[in-house]
Amino acid sequence: MSDTDSEVISFFVREKMLEEQEPPLTERGAVKWLRENLFSSWLNGLLTIVSLYVIWYILSGIVPWLWSPTWSLGSLSECREVLTGLGETTHQACWGVIRDRWQQLLFGFYPSDAYWRPTLALVILLAGLAPVLFGSIPRWFLLFSAATPFVLFLLLWGGPIWTPLLVGVGLVLGVVAFRYLVGVNQIVAVLAAIIVPVLFWLFLVEPIAFELTYTAPIGLEFIPSKDFGGFMLSVVIGVAAIILSLPLGIMLALGRASDLFIVTKLSVIFIEIIRGVPLIVWLFTASLLLNYFLPPGTSFDLTLRVIIMVTLFSAAYIAEVVRGGLAAVPKGQYEGADSLGLSYWQSMQLIVLPQALKISIPGIVNTFIGLFKDTTLVVFIGLLDPLGLTSAIRASTDWNGIYWELYVFIGVLFFIACYGMGRYSLWLETKLQRENR
Amino acid sequence: MLATILGVIGGVLRLSKNWIVRKLMAVYVEGFRNVPLLLWIVAIYALMTEGTPQPRDFRVAEDGTAAASMIFDAFAITNRGVYIPAPVWGPNAVFLLAIFVLSIVGAFVYRSYAKKVLFDTGRLLPMVWPALLIAIVPTILMYFILGRPIGLDYPELGGFNFQGGTQISNPLTALWLALSLYTGAFITEIVRAGILSVSKGQSEASFALGMRPNRTMNLVILPQALRVIIPPMTSQYLNLSKNSSLAIAVGYPDVRATLGGITLNQTGRALECMLLLGLFYLGLSLIISFLMNIYNNSKKLQER
Amino acid sequence: MSVTENIPTRQIDRSQMKVSDEIAIEITGMNKWFGTFHVLRDINLTVQRGERIVVCGPSGSGKSTLIRCINRLEEHQKGTIMVDGTELSSDLKNIDKIRSEVGMCFQHFNLFPHLTILENCTLAPIWVRKTPKKEAEETAMKFLEKVKIPEQANKYPGQLSGGQQQRVAIARSLCMKPRIMLFDEPTSALDPEMIKEVLDTMIELAEEGMTMICVTHEMGFAQAVANRVIFMDQGQIVEQNEPKEFFNNPKSERTKLFLSQILGH
């Protein structure tokens, strides 16, 4: 080193290391928290005061309204009497309606002695979903998952046990046909996998079911879907649509990504048309127009029609989500699969789709949340979803003129469900991110 | 429109240093996102029809008090709709409008001039206030010089209802409010995610170069965040346009009556009607996504 | 990594490397906490104009935090920091003044990806220093030439290699004509050849008499250029000495341990 340098150097060696100390008082605990989070500048202080005022304003409007000892009352007029008797204003909630009608809000006009059926169905549904949602659950459980839709159908609509069972058998036949023929010719196998079950359903299910019902009448009491209503209806439509639309959506996504020009264009047109038009228009279409296309005389259950329409609708959205997932699978994976000599279907089934679907689950959950909220739209075609039931409840003389209590109740239900699912999808996203690093 | 403003403000506030503000915005966002839009529309509609005074409540009673009063004597929120003053167009109104438009253009010209001055001479002219002044002052001046060409027709209570002014119907207001708040909640999240996606290093580098937080936001963070924000924003606008079809929620009885009638008749009209509606929305969403694509591409080009 | 690695092959011109008596940075009794975690403990450091200081120490010892405190990217809670006679406090005026005096280079470059290289370099001079655009561009080109990448001026950061990006980042700081430069591990995200490009640029800066504080583990650079090496551990300065003494004759046990680990073998 040059001489000019060494003059200024201060030698220093620390003999004893310093101990860790507590931060100064202003930097600790509540004081620091307040300073940093609420009053770090005058603008922030102002914001704090404004927001405190907003909170106070909102709470002072809502809390007295919420806090209303009217749980046990049987009608709106009773409520009014009691509240005026207490010297309170009538600007207060009347919670009796919830106690009186909560079952209706949840289940619609479903027979009350059969409430256990949808409840059990929900439990089974959650159990059946568990392997998909949280991963790492034994393989035999997947069979159980596959069986759930049929169990659910049976539980909800009732009727003899044989029809859903036979529909399931049809599917199994399709799978068997595919397995059997896939060695011979791919296209034939796919065609067979579609045609065999359809033929089975069209021509064999009804007579066989009839026979079986006749010989062994096992089953549950049949409940027509016009009795479905309330929150349950939303769940049924939402869940049915999402489960049914998954395969369809995946096919559409594969179609959109395929090399065949016509297939690609058809998928794109289908997806864009469905997505370009609001659900409500489709619902009206379902309620009005399907009648045109169906042969006259067949009256098709409205709820089923809605489920089909919503399925098509959500399939288009899911196709987009899955497309994103497919795009996120690295190109090397496709090439790796090709280099191993796997066929298109094999590479999709074994390599690409498992990865793509895993990535898409959060998106699918989000789609489901949107769909679930949109099920309230069925009120417009005359189905009794929770919102539709509010008018039904208001139609009774006891509760004429009641709005807010019902809206709050429904809102809270939806909030809990959607918020929970939203959290789940967030959790999943962070988990996926962690695994990918 | 309101949705965008709400969303951008919300997004910035959601990242505020202020804990209460953050939490407040979180409640807003989660509350609106997790409850069906339809519920919000009918709830706000119910609030407007049930919770607001009737026109006759505005009548001043003999003791000089009224059950309800107008805001600034110009606005009245009633259960039959919101009444606002209506403009009355005088002969010189066109002239005034032209000046207004010109001065807004002028404000933008001024901004680019200020930028040019900064680039040329390094003098930083104030940007916000003069631009605002240029936009507003000439119009106000001309308003008086031209002898008040645009007058306002205030709503007044006459008989059992308001006369004069413009009535904005409650369904419309409810729909507009609910849609704005709902979409605003989604846009808030998008804006927040966009700003967060710009790494902390960017703002630190900008600070280290001596730039103030505001300028850092304008010159460094927002241009980058915009690229992330635009695609999801597009789909939000698409959703907004589609959700506007929920107008039937508040005009619900009419629609069911007409459509129901059609169903009964089973005429071909329902088919055409639906087809028309469907085509309209399809066209609308194609146009929106087309425009947003152009905008998106123009932003992307700068990137690389 | 050994001491001999990355020592510049050419002769270093020391004619400009003068340490004056003027004090550039003075830190006294500075303490900093992250929450309850005591990151920096009783830091005392005086830097004279023209000094080249290398800070080293194990990961998490608070090196980054220390130099980030100097231009107030982090806030300290106790003690004082004076930069060019201005005290760092929450007074915004002072912070602005100090930040335009002090340039900083980050480990991950932090170039603005939406601006071209030239725009990256002229942004702050135009908006903060209020230099006319033309002049700012001329200055920028001058510094880009100095870091040997004038031909990249109209590209975007994403199109440059890591070493080029870091040199742009240095040029960008230099365009603000800082009197002090801070470097936070400028080479640790780079490949060996790129490291050399960047170190050469830094050596040139040193030769021109720039005051520099540099967090780095490039010991070759420290030996060749620094006039003082500071070793930090557990948020405190454990040892400081001139490079030759520091490397050949470390006093503290911790330093010995650290050096034996970092120099390996």
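Just a few scattered comments:
Read from first to last, the chains carry the letters A, B and C; within each, the first residue is number 1.
What we mean here is this: a residue touches a chain if its C-beta (ideal position, glycine included) is under 8 Å from a C-beta of that chain, and two chains touch if they have at least 3 such contacts.
Everything quoted here is computed from the prediction, not taken from an experiment.
Shown here, the protein chains touch in all possible pairs. Chains A-B form the pair joined by the most contacting C-beta pairs. Seen from the C-alpha centroid of chain B, the farthest chain centroid is that of C. If you average the CA atoms of chain A and of chain C, the two centres end up 53 Å from each other.
Mean C-alpha position of chain B lies 48 Å from that of chain C.
Separating the centre of chain A from that of chain B, both taken as means of CA atoms, is a distance of 30 Å. Across the interface of their complex, chain A is touched by residues 14, 17-19, 31, 33, 35-36, 38, 41-42, 46, 48, 51, 77-78, 227-228, 233-234, 236-245, 251-252 of chain C. The touching residues of chain C, counted against chain B in their complex, run 71, 73, 96, 99-100, 102-104, 106, 108, 110-114, 123-124, 126-135, 156, 158-159, 169, 172-173, 176. Within the complex formed with chain C, the chain B residues making contact are 118-124, 199, 201-202, 204-212, 215, 219-220, 223-224, 227, 302-304. The part of chain B that touches chain A in the complex is made up of residues 16-21, 24, 30-31, 33-39, 42-43, 46, 50, 238, 242-243, 245-246, 248-249, 252, 255-256, 259, 262-263, 266, 270-271, 274, 277-278, 281-282, 285-286. By the touch rule above, chain A contacts chain B in their complex via residues 36-38, 40, 44, 47-48, 51-52, 54-55, 272-273, 275-281, 284-285, 287-289, 291-292, 369, 373-374, 376-377, 379-380, 382, 387, 403-404, 407, 410-411, 414-415, 418-419, 422.
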